[in-house]
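Let me begin by presenting the structure, written as structure tokens, before commenting on it.
Should a chain be cited, it is by its letter among A, B and C, assigned in written order, with residues numbered from 1 in that chain.
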């Protein structure tokens, strides 16, 4: 059981709770056992008002505790406990982590995990069943690998990481602290580099060995089945605080600046550099060998063919319309290309 | 060996065979050992005419048995056996399942599978090598897990499911009966939810714990390496009879109505609701927090930015043209944006 | 340590070294231990000039050896060793392979690999931990499977293949020689084939058993988490020298001609045929049941809805622009559809 006092303590790791002094002991010791939306939360649950559009739900909420800004505190109905913060959404994010189910972890290192003698495993590391940790790998304190995780030789993993099942880390990669990799992530596979063989008798390609690494900073999050390939000569680099969704492709030698967020199904071609604090929507396609500056927002499905040198929001494409109408528009678009 | 009698029996689980009474015992006991197209099938194989464009192939077919509508029964050459149904394509689908190779399954529960003591495993369940079934998981009768499948704690899997190798099921998920998950599917990974940290000294994000589940109905099919994330507060819901292709992204709190089909590479952003019986083409992108009503068809690569309130077919984008011509059209599209 | 003599020998497997006779014994025996760009490489590293835009970097390079065309040989500064070839990029590709790290492989067949008695394993095959090789599988000489690879029954794998961790090969597939499959690849999963059940009481689909195989030629490369589904009746076919990037979807009964390259996130719908030597950009979408002839180039994110009968370069879509301007352009595109 989590008390409101514990919730406040967690929120204050990120921002002050503005009405803390006003809360009574009874309120501070109230037990909260989960979260819910303003309309669904009951008296043992926490809720929050981040979007003023939900203000009507606030007045009727049955939640045990609600996180709001100063502006809306008077509209929280009694007996719901009010917690006043500058950013209720951030406060919700912080407190939500108290309610994660922690399933029993009976073994720190499961007996079926295969760990090379030369590997260096930190304190309180958990390695699940059927993991394979190869030669000269380092794993930092308190990192946790679920089942079937493979770490190839000479890779270094920081402290407090969480790697879910089926993750594969290629050799010689470097991963920082507090990194979360979800199911099936591939880090450090060979980049897609080939030279035409120039032998007319075969339709062939000569493979270019990918001799760079993947370097991932700290506090990075990478979603399920996302792929980040190793560099050809230099490294592929993902900076601190980058968050990446599922099924994203990051090609060899891409560099992504700190704090950038990338939504699902996006692909970034080789040797492109993305700045800091960018927000990249889903299914965006970014060409290779270009630069995108800091603080760029790309809406979903945008096609980026050239460098973007000014911060701001960019888009492309056309939006869904009835198919019959679309057919005419598409024909006219094609006619725009007639000289 | 499969007889035509067995084929008819399988077809009739879905629709009547209209000329069954006319078939002779010799015909009903004929052995069929595979399937083929009208042009390729030999006298021991089954074929079908679903598309009238292939009518010329029918007249020359050497197939042992052909499934046709009443309209074309006279055009089947002798000695091919004719089976008359309202939907030959559906009849082919039904009968095709008789020809699947069933490889030997020597163990019901492979000795290397790790199964928590608190897990409840039904009758005739098959669990392959190196699977990991965690605490309090339930698996229904006759379900079959191939190799390296991971099921996290407290998840419940129905009866008659087939999970191929490398599937990962997160904790507390609920999966119905007759669900087929292909290689590398991720169900119930953490949704992509973060609040900006608002600390100007770091380019950071505060993770929002994803406390909802994934609830999957019965008769659902999910293709290889597709990802369905767990909900943030409420659940992500996939209704009965939904079929999903490979490499699809379904974000947290998406709800998909019964009977909807989704082709490969499509992404559906968070909290969007899709209706019943929709047909969503490949590489479609659907924005978050919108509603798509029942019976909507979206052609491949459509970008859906707003809710769709009327049933029907929708499209977007422009189709391939010679690159030189496209460059001019794209420039003129850009000029359309000049005020 | 690799000598320049060894580098030349490797290059000459693909093309002659034009100034070999002029190199001194001291030059030929020089040790090179890595690669670098023209600006970064030091005196123990190899570099190359493939793009004349980097000509200014050449004059200042500190590299131990540089690969150049005849045209630029005079501009290599002393004491850097010059190796003259027709294609420096191809020569770099060839020589790069000498510098790959070979991690220790203590076991040829890891004791935890589960191999059916009926499987036939060639000479010098390496099978890593927790692999599962099912009944009647053949694996050719010198092929190497990393950890957790699953090969279902009756599949045949050629010689000199490399399958990285978490690869799954469905039953009855045929894979040639020198095939490289990266982490999490799915070959031979069930294609996405369903017939509407036509029972109005359920929103259902009847599954069509996928009775074809996947046939992959030799010298094929397939990137991480890519999916290639088995055919419905006939086979899905990937010809020799095809190279495919990460997260690509290849549906059932697709046929891809020799030497074609396919970049990441692309999807090819069912029963489409792609010619030889095509170059398909990232996130391209190709409709089902169409033909694309030989020597077609498709730029990234192109939508291909119809067959392409002439070689050449094709594109579609619109490129990123500031969002406010894009909104106006998109509205005007929509108006093009008004009759």
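Throughout what follows, a contact is a pair of C-beta atoms (placed from the backbone, for glycine too) under 8 Å apart; a residue touches a chain by one contact, two chains touch by 3 or more.
Just so it is clear, the structure is predicted and the values come from calculations on it, not from any experiment.
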{"item": "Copies subunit B and subunit A - interface residue numbers shared by over half, same or different", "value": "different"}
{"item": "Fitting subunit B to subunit C on CA atoms, where both chains share a sequence, rotation angle to nearest 5 degrees", "value": "120"}
{"item": "Subunit A and subunit B: spacing of chain centres that average the CA atoms, whole Å", "value": "27"}
{"item": "Sites on subunit B at which at least two other chains make contact", "value": "130, 148, 166, 184, 225, 247, 265, 283, 317-319, 321, 326-327, 333"}
{"item": "Subunit C-touching residues of subunit A, taken from the complex the two chains share", "value": "114, 130, 132, 134-135, 148, 150, 152-154, 166, 168, 170-172, 184, 186, 189-190, 192-199, 202-209, 211, 225, 227, 229, 232-234, 247, 249, 251, 265, 267, 269, 283, 285, 287, 297-299, 302-306, 308, 312-319, 321, 325-329, 332-333"}
{"item": "For the subunit C and subunit A complex, residues of the former touching the latter", "value": "14-15, 34-37, 40, 86-87, 89-90, 92-94, 96-101, 103-104, 112, 128-130, 146-148, 164-166, 180, 182-184, 219, 221, 223-225, 240-241, 243, 245-247, 258-259, 261, 263-265, 276-277, 282-283, 300-301, 317-324, 326-327, 330, 333-339"}
